[in-house]
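As written, the chain order gives the labels A, B, C, D and E, with residue 1 at the start of each chain.
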Amino acid sequence: MTSDLLVVTALIGLSSSAVGAMAPLRIRMHLSVALTIAACASGFVMAAEVLHTGRAAVVHTTALLPQSGLSMVLDRFGALFVAVSAVVGIGAMVFRLGYHGQGLSSRTASCILPLFVTTLLLVPAAANVTTFLFLWELMAVTSLLLVLVDHRRRSEVASAGQWYAVMTQFGAAALLVGLVLLATHTGSQSFAAIAARSTHLPAGVRDSAFVLVVVGFGSKAGMVPLHVWLPRAHPEAPGPVSALMSAAMVNLGIYGIVRVGDGLLGGGPAWWWLLVMALGALSALFGSLHSATSSDLKRLLAYSTTDNVGLMLLGVGASGLFASTGHRALALVALVATLLHVVFHAVFKGSLFLSASSLQQATGTRDLDRMGGLLRRVPLTGTIFLVGGLAMAAMPVLCGFVSEWLLLQAMLHGLPSSDPAIAVAMPIGVGALALTGGLTALTIVKAAGIGLLGQPRSTGAAEAHEVGPSMRLGAAILATLCLVFGVAPFLVVPSVVDAARSVTRARIPDPLVGGWQVGLAGVHGALAPGLLALALLIAVTLVAGARRMLQPTPARRTQAWGCGRDLQTATMEYTATSFGEPLTRVFEDVLRPAHDLDVSHAAESRYYVEAARFHTSLDDAFERHAYRPASVGLGRWGALARRVPNGSIHRYLAFGLVALIVVLVVVG
Amino acid sequence: MILVCILGLPLIGAGVIAAGGGRPTLGWAGVGANGAALGLGIWTAVRVVRTGPLTGAQGVLRADALSAFMVVVIGVIALLASWIGIRTVALELANGQSTQRRVTTYGVLVQAFVAAMLLAVLAANVGVLWVAVEATTIVTTFLVGHRRTKGALEASWKYIVICSVGIALAFLGTVFVYLAALHVGGHSADALDWTSLMAHARHLDPSLMRLAFALLVLGYGTKVGLAPMHSWLPDAHSQAPAPISALMSGVLLTVAFYAILRFKAVVDLAVGPGFARGLLVIVALLSLSVAASLLLTQRDYKRMLAYHSIEHMGLIALGAAAGIPLAIAAVLLHILGHGLAKSVLFLTSGEIMAAEGTSQIDGVRALLARRPALGGVFGIGLVALLGLPPFSLFSSELLMARAEFEVGLGWAAVAAIIAMVVIFVAVVGHARHMLLGPPGAAVVEAPPPGWVAAPLVGGLVVCGFIGVFAWPLSGLLEAAAHVVAI
Amino acid sequence: MAKRNRGSLQLRHVDAGSCNGCELEIASIFSPVYDAERFGMRLEASPRHADGLLVTGPVTRNMADPLRKTFEAVPNPRVVVAVGDCARNCGVFSGAYGVEGAVADVVPVDLEIPGCPPDPQTIITALRGLSGT
Amino acid sequence: MRTGWPAASMVAVSLLQVVGVLVGGPLLVGLMRTVRCRLEGRAGPPVRQPLLDLRKLARRERTTSDETSWIFPLAPLVLVGSTVVVAAIAPLLATDPAYGWSADLFAVVFLLLLGSVALALGALDSGTAFGGMGASRAMTIGALSEPALLVVILALSVPAHSSNLPAIVTRSLAHPLWLATPERLLALVAFVIVIVAESGRLPVDNPSTHLELTMIHEAMVLEYSGTDLALIKLGESMRLAVLMALFADLFVPWGVASAPGPIHLVVGLATTVAKVAALGVGLAIFEVTVAKLRLFRVPELLAGAFALSVLAVLSALVVA
Amino acid sequence: MSGSPFTSTLTLAVGAVLVCAVTVVWLSSVRSVIRVVAFQGVALGLVVLVVGVHLGDPGLIATAAVVLAVKGIAMPFLLERSGGGALTRETRPLVNVPASLVASAVLIVVAFVASRGVAHFVGSTEGGLVPVGVATALLGFFVLVAKRRPIFQMVGLLMIDNGIAMVAFLCTAGVPFLIEMGVSLDVLLGVVVLMVLAQRLRSEFGDLDLDELQELHD
């Protein structure tokens, strides 16, 4: 039944792609979106079925993929990711119905978008190296093309696409080498066979495969220092695409690391996981810092994806570290926390990207410094953004809180440990997590506060109108899930536990307490998000009642207090840049902001300043100090190499003569 | 008989063109002939896979699975190239860059070129193979110089001189093989026959075979475009008319590689697999690094495609170095996939050049916005050529990497992959400049007519199809791989 | 008024054009000697937080609008205390260039504290009448 | 570890705690203000002055600027509401208030953070320069104090094998000697710094400044008036009281009722009030003796707190 | 290598081929070079003839005639025609004459080192002479690298071809006849094509050195 659904999902997805390519313009978009939603629904049903029954969906055929055959096995772990992609896909596709910007209506885009969604649904089912890499690369190509759809209008798109293409190819190369290394040494390219035989491999092979795979998947997940494409590509992609990329595609990077590290390799030495944790902490801090200081709404969200991926990696690393030191139950808890964060990140980041695109469409800008006052003008979209943002900031009763709490619990309970690695890693991990959490809160206060609240900072913002109903619905689906999962995490926790158990093959009892609480079995105390929500609701209602009783007259609207100035204009408000300025100052050594002050003096006297212009910009340190030198170096090498073939036939023949002499002397 | 038909068909096409007196539309005769040859080739392939090798013309021609596969490759690319060739010569004639006589010459030479390549892969005797390969050089020299510009003449001069030297070295290698074969009791007339060589391969003198193979790799490697004798390739490919570049890059290179593959099988038996492997790995990595270095700051898109061919020939050589059946099957799949994608790209670049009037990357901007059809085909072709799915080059590159790891050439595979990443970086940068961006003030022009676009799109569709679906080719690939695999 | 604000009085000080004499006295009512804070009096930074305004000096042209705005910003019910003779009737600045008028000409005044400047004890006594302490 | 307290008494404890914090918070602020005044040589207002202020403000008119949305009026409610929830579930008087088993220390921190975020959003919603400035500074300091806070919690939770507050308190009561260990002392110092930062006291922020440009916390609420302002002042004083009471709970837990019964409860109430009052006096004395730090020196202080807290965790591991 | 007339004649002829090759490297006059190449062709024909007579193979004797005709007469004639009217001297070789001669010596040594295995394998007199063929080919290659005039490239190619052909005749008494015919045809056509190209170059761009053909590069 599930196996059939797998085929059905793939076929619906492909047919919607075909419809997108061939159907007449009038019905093209609606038909292909409807079919894509059907594919997502079918994928979701399949994933739910697999998660429920534990029976894998299996498809094998040698008729596809030359000389290796297609092999797909969807187990519970994969099903979790399929379900996530399906939910995000449905949200994004509903959103897409009303979305008319950025070149997404072209024939190419209508053909590629369903294909991209389909690959998102199929990648977790791949069960041999070739199938996996095929689908993985197909996903990369389709997403790349979708990033590029708006290249005609904005020149940044091309640059973003280039970065994305290069980084994703770099990652794919690492991935290819890593997986092929495993396949070769185990003598089979099937994941099941690799998993069965990998424990007997030489340590060198296992180590290099793991590191390569982390690099490969990390580049897709936006892990620092391979993240540089992400803050460029995600913002430039059309709204639904950026949501799919940020909320569904990066998850697959985490999927891959867990699948290979825990699944195929069956865990490894502590240093693997310390490496993952270190990269995770770096990503989390770096991402959140840039996110906190960015004033481009979508770039901010993209950096926050790096930040959240860092948290996931922190969890994956902690889980592996626990497993490597024998704490199997804790390892499972950490993994569950990670996977929960994957699920929750998907819903909140999906709703954030979708609503951010709505805001962009409503105001015509992505620049927070040109927004403002939107919660009054686009109330539903604004609220959706706020809900998603607060969920991301791990505010209680929204979903992000639950996963971060569980991750903290896992780290905490690992602690009275004789293992020095754990003893050092966990406090640092908690510190990174905490700073990230604080910075995320700051980021969201900035994004929502500057973007949605206060006075409008531009005419675009002042004249903003609410977007169409399907766009609101698509984002609202995901935002509602933020709240639902935050209040009732038991809706997903059991499935996530099953998924985590299926990949680690840990035969241990459920380490979590069940029911409407979340907590660790055998530990005093748990989290009851539902009760907390109820208590909070009651408390706020009571306070509101008290306020109404004390002061029944509604608030008087009056001009904001501006120290008695004549005018209180939007330019006097704090901007996103100034909001992040203290942080920039604090982390000056890391962020290295570039300041630029132009002062022009009055003609009469140099003592009078005619105009002053201050410009500050924040570059990505990795981009500046690693990637640009590398690019310059390649360019220099290329220029040097060009001088060798100068067009002279004599020189060319001389190469041949030298080669011939070498051959004759060496071989003869 | 059927083999003779395959050889004869293109020549019949040539005859029709020669008799027709310079009308471009007569090119359809060539298209028909090449299409028929392709059909017969497919039929041969099916038969060969079912019943074993065929021979023809008193044993001069012989088709095993490998030959049949190559015939199919040649047929497909020839079909594409001659099809677009009609457009090319018609345009040139209309622009006054050509005369009716030259149209005829062009058509005849193309058909002769195809026939020579078919002879090369159908020859039972490696000596005849050499003659056929040398014949392709002579025939194509005029095709390279077809435009008669200074650049074209320069390119054809370089082409024929360098290739003649190379092919002469290959002849010396062939002589040494012959010498070795005579010594193990081969009859002088058929000592160079493939079947007899393989039969006696184990007894051939190892040191002589080593020298012979080194010369053969150097010699045929010149025609393949392997470093260090690759230098003719970018010049010739950039100056030749697009259909000729397509034919040369798409099949001529791999026909020459076919010769190396054949000899490699013999040498592997004679001296063990290590020698050929080492040699091929060296030239492969050298070619890859040359391609990577020179693609970085490339300014001409046809030269970019040419260096890309050098890269792919390096990959094929590396795959062949691995030598196991999986590797050879992958190499053959790569030959077909590369042929399709590269010829489509060259043909498209011809259209682009005709439309834009320059082959400089800097001179072409925002193609996707200004000429969506051309830009789209070019972009998708590049996607295919860079080894991304669903196109078959992805599958074949992955298979080659797997095979290389399996025989312990993992380090070489890693080096190749690094070079490929560098090439990817370079090509993506160039493609970005050519394809993307705002259309600006330039007028969007009409797309090429449907009959021109059809083969281009068709070629890419086929390339994607064989990358996804295994069944049409798997039997043939496996049978062909077993002919020459270790 | 006094009942409403019993034991707690927060005012926003507005210098509408004063010679700073009154400011000195106002500052000193919060000094250890007079310590008006023990009666629950404080000066606030924001008119929103205040129960009223403490205005000094004649209202100059440039300060008339800000004074009105500040008055507008105070939540109801609000009081205006005019401190010093200048605030009451422009004092020596009466009719001067740039003077718009007394405080009462601009905003409604509830309490006037005479003196040039009024001494701290007078101010405290008057304000205690407002706060009911 | 459910102690089997009767449900009614648990609810009673919670109610008592909430009421205690509601009343005690303003009184604590008044106490601290009085102490400061005395040390400055003034008589100062009565201790109940904040309550008088609140009574007056609660009935005054609410105003809101032209461009505000529903966030602005909601923020004070969330600030007070979240603090009330914390006050209800934290074991301030007895080890087992209602839903005490879900009184997780991390959850408490995030609930308090929710209040801060609400307030910062409310500040930005007013659309004034000062609101944004205050929100930016408050969030920056909040973000930077978060690592120290959570790692302190980690240090305290590790020996108790739980981050559940009642569990930590119960454990401390059972092992009094543990309170004098070095990690406790390190954690104590770090925690004090965090409390000072989070509640906007000197030397991080001067709550009685009138100079907008030096404000952090005050700048955020410049636009609130009347009942809303009363709620915010109430909420802030409650937060201070809750933080102090938590501090007392974690570092000097004696007196917290560990068994049901009115007597225990009265003892608990008395000791808690005494402890919090003592802490308040101590903090007030400290405040008089220091000057406000420059805004950009504050991170150094918080980084120091983080270092101390990590040391605390490490020494906890060495001891354990 | 002493004794039989076969050996001495063969050695003489082979030696003549090599001497011609070195002479080509040395000389700079186009006209003399073409003559030397013609002589080399004749010497090669002689080699084939001697081998053919020695083996008593009439096919080989016929081949000798073909070789003589093609390489000794036809090719030089074609070269003469294509070279006619051109500048008659190589004035600025890329490698000057003394250096060229030193390089020739080195190449001859390389040839002997490289083909000692083959020589040993073939055995007898012919085997001993194989290195000379290889050396001739290498010298031809060197001419391609070192000389600028287009005509020298044709000469170089011919020399390579002569060298390799000589190796073939010495080692195996020539490749099978059919192939030999194909090879000869190809070589002839190749030279013709080169000639045509050279003429086109000259007619379109005037007399030029190959160094002027450097427009195409990256």
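In the analysis below, a contact is a pair of C-beta atoms (placed from the backbone, for glycine too) under 8 Å apart; a residue touches a chain by one contact, two chains touch by 3 or more.
These numbers come from a predicted model, not from an experiment.
Common neighbours of subunit A and subunit B, by the contact definition above: E. Common neighbours of subunit C and subunit E under the contact definition above: A. Least step count on the touch graph, subunit D to subunit E: 2. Each chain gets a centre from the mean of its Cα atoms; the one farthest from the centre of subunit B is C.
Highest inter-chain contact count (C-beta pairs) belongs to A-D.
Compared with subunit E, the chain whose C-alpha mean position is the greatest distance off is C.
Taking the mean of the C-alpha atoms as each chain's centre, subunit C and subunit D sit 36 Å apart. Centre-to-centre, using mean CA coordinates, subunit B is 31 Å away from subunit E. For the pair subunit A and subunit E, the distance between mean C-alpha positions equals 68 Å.
Distance from the subunit B centre to the subunit C centre is 95 Å, each centre being the mean of its Cα atoms. Counting partners per residue, subunit C has 46, 48, 73, 75-76 as the residues that reach two or more other chains. In subunit B, 157-158, 161, 165, 211, 234-235, 294, 297 are the positions where the chain touches two or more neighbouring chains simultaneously.
Residues of subunit D in contact with at least two other chains: 59-63, 212, 222-223, 226. Contacts between chains, counted with the stated touch criterion, involve the pairs A-B, A-C, A-D, A-E, B-E, C-D.
By the touch criterion given at the top, residues 125, 127-128, 130-131, 134-135, 137-138, 141-142, 145, 148, 150-151, 153-158, 160-161, 164-165, 168, 171-172, 174-176, 178-180, 182-183, 188-189, 191-192, 205, 207-208, 211, 234-235, 238-239, 294, 297-300, 303 of subunit B touch subunit E in their complex. Here subunit D touches subunit C in the complex through residues 37, 40-46, 49, 52-53, 55-57, 59-63, 209-212, 215, 218, 222-226, 229, going by the rule given at the top. Within the complex formed with subunit D, the residues of subunit A that make contact are 292, 372-373, 375-376, 379, 382, 386, 390, 393-396, 401, 405, 408-409, 411-413, 415-417, 423-424, 426-428, 430-435, 437-439, 441-442, 444-446, 448-450, 452-456, 517, 523-528, 531-532, 535-536, 539-540, 542-544, 547, 550-551, 553-563, 568, 570, 572-575, 578-583, 585-586. Residues 556, 558-559, 561-566 of subunit A touch subunit C in their complex.
The part of subunit A that touches subunit B in the complex is made up of residues 62-69, 108, 129-130, 133-135, 137-138, 140-141, 148, 151-153, 155, 157-159, 161-162, 165-166, 169-170, 173, 176-177, 180-181, 183-184, 189, 634-635, 637-639, 641-642, 645, 647, 649, 651-653, 655-656, 658-660, 663-664, 667-668.
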